[in-house]
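Below you'll find a set of structures to go through.
You will see chain A twice below: alongside chain B first, and alongside chain C after that.
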Partner chain A sequence: MNKAYDCLIIGAGPAGLTAGIYATRYALKTIIIGKPFESIITHAWNVENYPGFKEISGMDLIERFKEHARHFGVELVEEEVVSAEKNNEFFLITTDANKKIKTKTIILAMGSVPRKLNVPNEEDFIGKGVSYCATCDAPFFKDKVVAVVGGSDSAVMTALLLSQKSKKVYILYRREKLRAHPIEIKKVNSNEKIEVVYNAQIKKLVGRDVLEKIELTNGEELSVDGVFVEIGHVPNPVIAKNLGVKINEQGFIIVDEHMRTNIERVYSAGDICGTKEKLRQVITAAAEGAKAARSAYEDIEKNKK
Partner chain B sequence: MNKAYDCLIIGAGPAGLTAGIYATRYALKTIIIGKPFESIITHAWNVENYPGFKEISGMDLIERFKEHARHFGVELVEEEVVSAEKNNEFFLITTDANKKIKTKTIILAMGSVPRKLNVPNEEDFIGKGVSYCATCDAPFFKDKVVAVVGGSDSAVMTALLLSQKSKKVYILYRREKLRAHPIEIKKVNSNEKIEVVYNAQIKKLVGRDVLEKIELTNGEELSVDGVFVEIGHVPNPVIAKNLGVKINEQGFIIVDEHMRTNIERVYSAGDICGTKEKLRQVITAAAEGAKAARSAYEDIEKNKK
Partner chain C sequence: MVRKMVLSITSNNYEKEVMNYNGFVVIDCWAPWCAPCRMSSPVFEELSQEIEGIKFAKLNVDEEGLIAQANRIVSIPTFIIFKNGVEVGRFVGAMPKELMKQKIMEVVENNE
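Presenting the complex of A and B:
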């Protein structure tokens, strides 16, 4: 409780860890509260577009970011922030382990969580056929029939991953055209194990102990052993709201070009902030982390004068 | 001349090469015109803040970016663009080897060039004591006395590099306080070979065949064998002006948050664009390259409908 930090970063994904690298290089006493291996990037079994690495798993990439941040002396506390409040010139943060930490600046980089299907019984089948993380669960579906819900890059990448071991992979997408990178769509089209079902909406999940089939709203039924839900992510800005930080209509934190929020000495970076249309990638999240750290540093310097 | 590209990128630094990686992953037929080993990043003998690599030379980093882009099928032409014009739905680019190339979109990522001292005889001493690239020339000054002009990160990093082999290193800065990262300033202060001279302005360079001394505007003289000029970089937006692209007061290309310029299907990324205050780093340039490629892809898709 006695230690006061210059910069406290909430979230340990690409944005948070890069903010840590930059903040320590600006000689700020820096702490990150978050769990690197819970970042969404760890769900990516293969990252091919972080420049410098032709191919690397999300797990390995985040490990490298983590080691990089540690190398410069960032403290990493693998807990969760449960509350944040302003107290004169400091902010006071409390973690789920009841740790209390004082800091001059805060960078909000908590990313987002997977969006659910919102159909009956969904919760009941979690771990019994329903998964939100192909990287974690794909190996359990060797020689099985699976479905991927969604039409984005991550849906298509998940289908390609599953096709390596599973017997058959459906992609269920509610629209008429996949919206993934064309290069990935080509791979899907030439993959014999993958079948894309367009205009597909799931009505319900059926099974006794484990998932057995999917019922679509058009009455069709598909026998499957697993469903991978890849329909995007939603930000979780509770702590931001605590601090009075402004959120846009889609729930993302509003920032300016230097990653400043409306609250002085509070910044944001990565998936949790910006417009809905923003390109959300490791490279862009990392760049925003760097910018947020620079703004924190500048504002601390300004206050010294 | 017959081949038409979807995306032509001018400049092969971190921004241009990342734009190439992303553009090809968007299945765009992509060509880069530029010389990776002329990018400013190659002047950095040690990059410590590109996340994922604790320490890497600028040369090695750009090599990795280049290989990454090539891996996805980007064509790289190591020439220079001498003119660009719009011709109905295409742009027509001409290189210094008189190659003519048609393209639907252009990403301007030409970076910047080192700023000169602007003192008499400067040109005469290039290669005879005056250098704009420590990575290239530091080895020539083993056991010699050198001066670095500037107070930024790159000036301080250059001084630290030179201190490894040179006998004595002056940092000549026109202000009263270095503006490099505090962590680097600490290293300078604890380095016995480095002496910082504040409020220092160079009046002229003196020497018979090679540089022998520097005369400052306050009359002081310093005997040195070499001067490393590290006073920033200026963008070179000639081709942008050709195309009617708007430039701000400092000479940088004006872009929106998606890296679009005022000219349709022309984008910009990296050091050459944005406000003067923008954080200019490998990570931010790369992120902008990714964004520019996405915008090019989206605009091409839109035009198809």
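Presenting the complex of A and C:
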């Protein structure tokens, strides 16, 4: 095994890549493990709120982050971390390609994955009408009837995107009032193709080869060709648990204001950490990545004395 | 080693290379706008170098909308496996190489 890294970052989204930029500029020997194109921001067809870019697709934005990190010589390994353990004063992580890497500090920046509907036959309809990625699949529903599940910004944005090509778009929301940004709700209300169904929850997906209709818990049926699931994201707690890092009730990693976790020399940044209500955006993920890298730097310096 | 190419399917060669082909063909259905496809296509290409006896092909659903429609593709990436011109299996989404290999081989072994 080669010499230990100062800073190992798990995750190559806005949080991880920014942490990589900062850590390298603090002259830490830094490595990032993760796939930039797997960042959830690639699901955003248009980002309009990241300063410096009036308008940019999520895919192009993450490409810029990656280029920026590469520019400062960050080592980027496009693999997945499968386990992590503490080994005296070092941590030892293992990737899916069975690479073993030793490091003094770890920044956990694994983001989150789309939450599933959790209805019985959901898996059977993936790729046959059920989608978790509107930017990938919206074009296939030209002149079709679709439903978006959820009431947040991403649900509403997905509905607006779909309304450009689809014939009819339902928004199915389990509460009585959408919780998206007022500007977006206004757009929904004035869009003739979009119909919002409140207090709606899917009970069953129905179709022979492909999705044909959905049954709601109130007994109502809707004929649809597609269902886009936008009901939020859940963090994957496995690696945090490996390390003994504390998570909260919803599974998010608990951090202090300097992004330190309860385990010494383990930090976290971005969508995977913080309270449930925290703002989860590119700019906040990047900011937290920067803070985590500085904390790692300070703790390493402290240990040298 | 001679590098095999992943064949691009178009309306000009679909009949010959897929429908009338005797044997297994696996097709990666993708589009340039799709981020997960950017991850899965290189994996697919690597597997095409490793797995013998199966034809590897790709379909740009943007340029070949009719073929995509005929195969009822509504998510990408979708991977479809044909045997003697008949679909015998499909799976959806980007995934690690070993898992993709396993999924392809499962379909092939079940239909041999």
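Please note the rule applied: the second predicted complex is superposed on the first by the 304 of 305 C-alpha atoms of A that agree within 3 Å, B and C clash if a C-alpha of one lies under 4 Å from a C-alpha of the other, contacts with A are read in each partner's own complex, and residues count from 1 in each chain.
Methods note: a contact is a pair of C-beta atoms (placed from the backbone, for glycine too) under 8 Å apart; a residue touches a chain by one contact, two chains touch by 3 or more.
Keep in mind that this is a model prediction, so the values were computed, not measured.
Novice: Clash or fit: chain B and chain C on chain A?
Specialist: Aligned on chain A, chain B and chain C fit with no clash.
Novice: Of the two partner chains, chain B (first) and chain C (second), which one does A:109 touch, if any: first, second, both, or neither?
Specialist: So A:109 meets neither chain B nor chain C here.
Novice: If you stack the two complexes on chain A, which partner ends up touching A:283: first (chain B), second (chain C), both, or neither?
Specialist: Touch status of A:283: first partner only.
Novice: In the overlay, answer first, second, both or neither for which of chain B and chain C A:76 touches.
Specialist: So A:76 meets neither chain B nor chain C here.
Novice: Once chain A of both complexes is superposed, is A:202 in touch with chain B (first), chain C (second), both, or neither?
Specialist: So A:202 meets neither chain B nor chain C here.
Novice: Check the residue A:96 against both partner chains and state whether it touches chain B (first), chain C (second), both, or neither.
Specialist: second
Novice: After superposing on the shared chain, does chain C or chain B touch more chain A residues?
Specialist: B
Novice: Examine A:186 and indicate which partner it touches, taking first as chain B and second as chain C; both and neither are also allowed.
Specialist: A:186 sits against chain B, while chain C stays out of touch.
Novice: Scan A:243 for contacts with chain B and chain C and give back first, second, both or neither.
Specialist: So A:243 meets neither chain B nor chain C here.
Novice: Once you lay one complex on the other using chain A, what is the shortest C-alpha distance from chain B to chain C, in Å?
Specialist: 18
Novice: Along chain A, where are the residues that touch chain C in the complex?
Specialist: Residue list for chain A touching chain C: 35, 37-38, 42-43, 45, 58-59, 80, 96, 126-129, 131, 133, 135-137, 139-141, 209-210, 225-226.
Novice: Which chain B residues qualify as touching chain A in the complex?
Specialist: Contact set of chain B toward chain A: 14, 17-18, 21-22, 24-27, 48-54, 61, 64-65, 67-68, 71-72, 181-183, 186, 257-258, 275, 277-279, 281, 283-284, 286-288, 290-291, 294.
Novice: Taking the complex as given, what residues does chain C use to touch chain A?
Specialist: So the residues of chain C in touch with chain A come to 31, 33-39, 61-62, 68, 72-76, 78, 90-94, 96, 98.
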